[in-house]
């Protein structure tokens, strides 16, 4: 039995070589260094992107490089499919999920979260020649946490239901938007699940699905690409509620030590403007979360 | 067109290095699973032919299940199930949490387990296809079971099973594409990632098909010559 | 005149397959240099008896000794005889050799390799010595020119001659022939019989299950007639084929005589 | 334990609802692949070289590449070809079930054609000569002498291929079809309980395969398939090593 881990590491290196980036963190006062494996999809630009030469780049790899240094962690970043991510975490295959993971109530049932390191909105995208291209309330930001719910928001949501009735919407399997779709659009639309964003995008381009709902930070750069010129952002932008309280790292519930280290590092990166700098670089917009403004929303930290 | 060519090149935007790496990984996974399948297959065939009753039954059930369940399901089951199984075993017996098997190992193991079920049938049939007189002639001369297996059975079984093993190898090679779902960047997944991120699926799946054709053709040629060699005494 | 020592002693051999009793208690002793022909109709148990002698079939009852090696037969907990010691069984078989109806040459080995296999692997004899013996034996059976051929390329008669060379290669105390000519064309039968006759003249101890009456009459020293799993009659060829033959043996011979 | 069982029961109920999708894919591609394979077999014995070349190329292409890749090529790759994407064909190609059936038809027809071809070569020449000697020619010879023999010889391998096809239908799940495997993965995405769900799905596939095997075995018995011909002789019993 004792041979298994070593053999495993050998194979792991061989297998992950093309998609892995390893950083050695500088010594940091207090905590001893710890080696962790971070899972990411490597196919969710601009958060994480696989380059043709196999290296991982993007907002999260950049941010993690800094966070790992500050938390004195030796981080190995490995690419793997999104639909196995939570299973892999629970099976100790990886220790952290870094894949633009929205902190949602549904996910908090199975995962612990770090503090949010970004907050972004969800938005719909469809084909320019689709009737949905003329959807109402374009650009209106709906805060699903707003209480009491503004009348304009209620109207916008019911308009959305009417416009989307009978349409097919594609999402990546176990996506952030499951909770939202269940609550507001169940029975109204047909949902198709895809293993990766890439496959869903191909089906959006081919017209097999009418629209998709995803993060603005992912969709804006996608729409800028020349082969996606037939696509357009439509409808209101969504934030809060089932969509979650920003993006955080997914952790195992019992791994409180790791959560504390990462939280401290995130807090420092938010406060010293690192997050702002990196989000401007990758998203062309500031996605810095307000760590203390929403006490309820930041409650991603593990319960002792 | 120039766009397409640069996508397939070795330049900064070219996917050629990753695709070639994918090819190597596909070969490595297939070879590992073939080896796992051969070792386990021989054991299973032995269990079916000479094992005690309970072992014969177990081997039989193994064959029925592994040949009846989709390979994709076996891969997914092992990929998701095995780590938690190892963990709960470790917890039960109070071991330190062992390192968890990486996708390469899980992929080779799952394809290998399926491969073993087929190879066991092949070996069993191969031993069965040897004329009974062959064993008798050996035993009448005082050969032990082991000598009989090594000197008489093995060379003849090799000839009988080699073409069938060639087929299993081809299946392994193609089944290894299913390991893509575990995120191992072998040829299939590399082409999928490339297709998704460049949005040129036709190009990349076409290239991947061509590469698989190269792999299957080369290996079937190799098996052909191996078969001719092991068959040299059978050409009347 | 000294009586040569017995090479084979088989006592009260019984064997049933299911409900059918094939051997109902047969005893046979073969002395050194003796050639014994076993005759009998089909189903008389002659092949089964022969196969019991080197334990290819395990008898239900009886004892077998070849030279000074006793067959390692013992009762298991169900009261059935079984081979109690595989090594001892192999030792017993090393004293004997067998020539089969279907030749049973190993197809993946050349003629020379077939002949050398057992003395090299089982008897672990010196390679040069084995090679010399094998070559001279192949010469002896008239197959010297075929040492590099694979069995598939040979005719039945040639294969059987190689099989006889293979049987002799270990210099066995006793050679068992199980209908060696039954699978051959008539013209090939003659070459194999001639070879067997020369072996008999050489003083080999042989037990031959055969349908060749001429061989039994002219070559063997003793003829044993089996019927319904028993020795119906036995004696010298002169006696068996003479006027004193039993009615049953005559009846057996009758169709052959026609 | 009881909670496990209720979970498995509820999952099984969900999975059973997906069985028709799996069976539909199997039935459509099974029938189409067999028909296409018959055509390919005919081409393989044609006198002119062109049909033979087509058959050989077809076999090479579809047996040499993984089915999952063929499915992706047809589903995602063809969707980017303008004349398919904007033509009348799009109504068919936009449907993932159609794409799976098409890929499986192409792929499995190559395998089945090889089975038929082997069986054709194994039809004893004597039977054909006997037919000729009675004055049979052409179609009658094919229908009365060759075909019955061919079906008997091919059936065991053909049954195997059908079982392989049943397993292959699970690949439909990779292009959004909610067949048994697709639903299983969907359930896992919501429940994170992999072991129970996959075991339930595996049991369903085994059940389907057992049913199909029984059906095909009955057909073999009905056609009185001569077991002595293709099957391997009884394994020898070696004496136990004591």
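A, B, C and D label the chains in the order they appear, each numbered from 1.
Following the convention adopted for this analysis, a contact is a pair of C-beta atoms (placed from the backbone, for glycine too) under 8 Å apart; a residue touches a chain by one contact, two chains touch by 3 or more.
On a predicted model such as this, the values are computed, not experimentally measured, just so you know.
Peer 1: Name the chain whose C-alpha centroid is most distant from the C-alpha centroid of subunit C.
Peer 2: Between subunit C and every other chain, the largest centroid distance is to A.
Peer 1: By CA centroids, point me to the most central chain in this structure.
Peer 2: B
Peer 1: Tell me which of B-D and B-C has more C-beta pairs in contact.
Peer 2: B-D
Peer 1: What is the distance, in whole Å, between the centres of subunit B and subunit D, each centre taken as the mean of its C-alpha atoms?
Peer 2: 21
Peer 1: At what distance in angstrom does the C-alpha mean of subunit C lie from that of subunit B?
Peer 2: Whole-Å distance between the two chain centres: 47.
Peer 1: Could you state the distance in Å from the CA-based centre of subunit A to that of subunit D?
Peer 2: Centre-to-centre distance between subunit A and subunit D: 40 Å.
Peer 1: How many Å are there between the centre of subunit A and the centre of subunit C, using C-alpha atoms for each centre?
Peer 2: 82
Peer 1: If a residue has to touch 2 or more other chains to count, which residues of subunit D qualify?
Peer 2: Residue numbers touching two or more other chains: 76, 79-80, 174, 185, 188, 194, 239, 241.
Peer 1: Residues touching two or more other chains, restricted to subunit B: which are they?
Peer 2: If we look for residues of subunit B contacting two or more partner chains, we find 80, 84, 139, 144-145, 181, 192, 195, 199, 201.
Peer 1: Can you list the subunit C residues in contact with two or more other chains?
Peer 2: Each of 86 in subunit C touches at least two other chains.
Peer 1: Inside the complex, what are the residues of subunit D that reach subunit A?
Peer 2: 76, 79-80, 85, 94, 96, 174-176, 185-186, 188-190, 192, 194
Peer 1: Can you tell me which positions in subunit B touch subunit D when the two form their complex?
Peer 2: Residues in contact with subunit D: 49-50, 64-65, 67-73, 76-77, 80-81, 84-85, 124-125, 127-130, 132, 135, 139, 144-145, 148, 170, 173-178, 180-181, 188, 191-192, 195, 199-202, 205-206, 208-209, 212-213, 216-217.
Peer 1: In their shared complex, at which residues does subunit C touch subunit B?
Peer 2: Interface residues on subunit C, with respect to subunit B: 54, 56, 86-87, 90-94, 96-98, 100, 102-110, 117-118, 121-123, 150-153, 170, 176.
Peer 1: Mind listing the subunit D positions that touch subunit B in their complex?
Peer 2: 60-61, 63-70, 72-73, 76-81, 163, 166-171, 173-174, 181, 184-185, 188, 194-195, 198-199, 201-202, 205-206, 209-210, 232-236, 238-239, 241
Peer 1: What does subunit A use to touch subunit D in their complex?
Peer 2: Residues of subunit A touching subunit D: 83, 86-87, 90, 110, 173-174, 192-195, 199, 202-203, 205-208.
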